[in-house]
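Below is a structure I'd like to ask you about.
Labels for the chains are A, B and C, by order of writing; each one numbers its residues from 1.
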Amino acid sequence: MTPLLTVRDLSKTYGGRIGCADVSFDLYPGEVLGIVGESGSGKSTLLNCLAGQLVPDGGQVVFDTRADGPRDTLIMSEPERRMLARTDWAFVHQNARDGLRMGVSAGGNVGERLMAVGARNYGDIRSAAIDWLGRVEITEDRVDDRPTAFSGGMQQRLQIARNLVTGPRLVFMDEPTGGLDVSVQARLLDLLRGLVRDMGLSAIIVTHDLAVVRLLADRLMVMKSGQVIEQGLTDQVLDDPQAPYTQLLVSSVLQV
Amino acid sequence: MSQEYNFAYLDEQTKRMIRRAILKGLAIPGYQVPFASREMPMPYGWGTGGVQVTAACLTPADTLKVIDQGADDTTNAVSIRKFFERTAGVATTESTRDATVIQTRHRIPEEPLTEDQILVYQVPIPEPLRFLEPRETETRVMHALEDYGLMHVKLYEDIARNGEIATAYAYPVKVEERYVMDPSPIPKFDNPRLESAAIQLFGAGREQRIYALPPYTQVVSLDFEDHPFNPSKADHPCALCGADHTYLDEVITDDQGGRMFVCSDTDYCSRRQADGHRGDMAPPVLEALS
Amino acid sequence: MSAMIRLSDVSKSFILHNQGSTVIPVMERVAFEVMPGECVALTGSSGAGKSTLMRMIYGNYLATGTIEVGGVNIVGAEARQVLALRREVLGYVSQFLRVVPRVPTREVVAEPLLALGVGRDEAIARAEALLTRVGIPERLWGLSPTTFSGGEQQRVNIARGFAHPYPALLLDEPTASLDAGNRAIVLGLIDDAKARGAAVIGIFHDLEARAQVADREIDVSAFSPKVAA
């Protein structure tokens, strides 16, 4: 099986400071990879480098494109990379405001990616938007409301619908449940799990919440000071951590 | 002609610079070419971009017509016409047919233009994506990459909110299947006439951009398959000349709710009246005079 | 016939880096096999490492040596190989139910089937049949099991663990906190699994239950590391 994403020796420095260093891994279709670490560990830098939002200093990010097979996205032309970013990739921001157009209706938010790839039938775009709102449990009567009228949890679900409408194969998520109430988090986690399973999505989730990765991620990468210090099956890394830092991280979580 | 000014006010180097921008604009239809806009002896918003383009195009043999919302006799049109009478000494006219260069604000003349004519638009905001994406750096990239999904989001929002595309002026167009362009705030009724035999030049003084449509350029108004572009206008005939195919202005005639619809293109309307066409409210005195 | 589960020269120790790098050896030179259709009970006193051994077989704890399940060596396997094995071959019923809050019980039970790509209607139907069999009343199926009693949670856990006919099963105290009637039902499920050829490794504190389903016993204390001479 060809990996969907192959990352080799990815590095990014900010001046003399390390953002992330020599990160390598493979992500196979249908896998969910969690990246954990404390603030400043480089996990967001890594995610942004993978998603083409930051230019790394070196390395490869090879994506198995639908048309041409594995291609290094770092040496792709900008138009190709943008096309990927709005078709086969999705990016879910921690703050829904960063991932939504707050002045545009829910339907317009969901329809944007469709229109960006050439959809020109209003009725079809609207039906697709309503269908997707339904899948993220937003009722049809909210389709013309702006996200400013939505709760935090609804905004996050809208952002997910907006991202998944083009049927992407790889979803990048940056603290997708951060800043949400615990009860809202649970609903979102369940929703994400169902979508990942039903659409066969691959996902890379950056979070500092170990409970989130335990529920969502198949595999886990632990980062510290820009380096990957441990990776493996999620439950194995959490239940039998090998690296000193991971042991500290796991033992620092309050048990409920 | 007043001797204090170089021909058409601007110095020759500036005109050359503007002509280069115009030529580049003609070579890349719909692409916004930056240019070093000069201070003009009139405020921004009064057509400084159009005036600079006109100044760069004029030759002493030209005949200039200036319209504002279709009319030759409004303040803006009169001022600019006088400006070029003084600084260039060119002939001026109110007749569309007789003009070689027409500077316009917010209208395209009803009379079909010819290959011998240049239409110069005054443009307030050249960037069609501006109100959707405020960052200039980002809009330039979006143009470069033909990343125009956002343009249709705006139209989608229109239909979702109003049941139809409610954008009535500055209706966005796609030029030669490449650049999305703001046609300046002309009514969408004029959009079909953007495909023209004349050269069309657009100047934005404050924003320092020039763009252009060469003759016979394909210009398509953006729309949806199931909500096609509709160049509608007020559903009345002109009260003066009776035309039912022209863009109309609504004129309030008293404080009792009285109003009339008349051609916005004054030259076209008076020509029709001279040819004997009559609307409902055409004053009999005109008949007596003609 | 070859063994479904085979362990040889398996060892495990924990290193507590944050407590003076203490090394705690917990298991040494484990070796045994479980054939299809066979149920092996792990025995040994509390703390002897029965659950630890089970977790090693499941890939939850890292071990050294060879742990083959269905021909795949879990030691050193890639994550996706272990994941595929867990999805298709190796079932595990832990002592505690761990679920996403607010997910209805029937979805919790159907999930292993959905993950395998079984159609939604079919998966839910099988989940409901199992819930019926383990005696969870229908009025609870639409509720999250997080609010259920210990015994109910345990039965939901078992239903989930038996939803897919895994060729290999790990059962950690499947009959704990169950009354006699429900225990009989669970033992029936285990018998059925054996009958269709599943290899089962179980921990049963309940001697009666152990005697009823286990074909043989392995005393885990035998693998306890000898105190260094």
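Heads up, the rule we're going with is that contacts are C-beta pairs under 8 Å (C-beta built on N, C-alpha and C of every residue); 3 or more make two chains touch, one makes a residue touch a chain.
Owing to the predicted nature of the structure, the values given are computational and were not obtained by experimental measurement.
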- Query: Based on Cα centres, what is the most central chain?
  - Reply: A
- Far-end chain from chain A, centres as C-alpha averages: B
- Message: Rounded to a whole Å, what is the gap between the Cα centroids of chain A and chain B?
- Response: 47
- Task: Determine the centre-to-centre distance between chain B and chain C, using the mean Cα coordinates as centres, and give it in whole Å.
- Result: 77
- So, what's the distance in Å between the C-alpha centres of chain C and chain A? 32
- Item | In the complex, chain A residues that touch chain B | 78-79, 82, 86, 101, 104-105, 107-108, 111-113, 115-117, 120-123, 125-126, 143-144
- Which residues, counting only chain B, touch chain A once they are in their complex? 141, 145-150, 152-153, 156-157, 159-161, 223-227
- If you look only at chain A, which of its residues touch chain C in the complex? 28, 31, 183, 186-187, 189-190, 193, 197-198, 214-215, 218-219, 231-233, 235-236, 239-240, 242-244, 247-248, 251
- In the complex, chain C residues that touch chain A: 14-18, 55, 59-62, 79-80, 82-83, 98, 100-103, 114-115
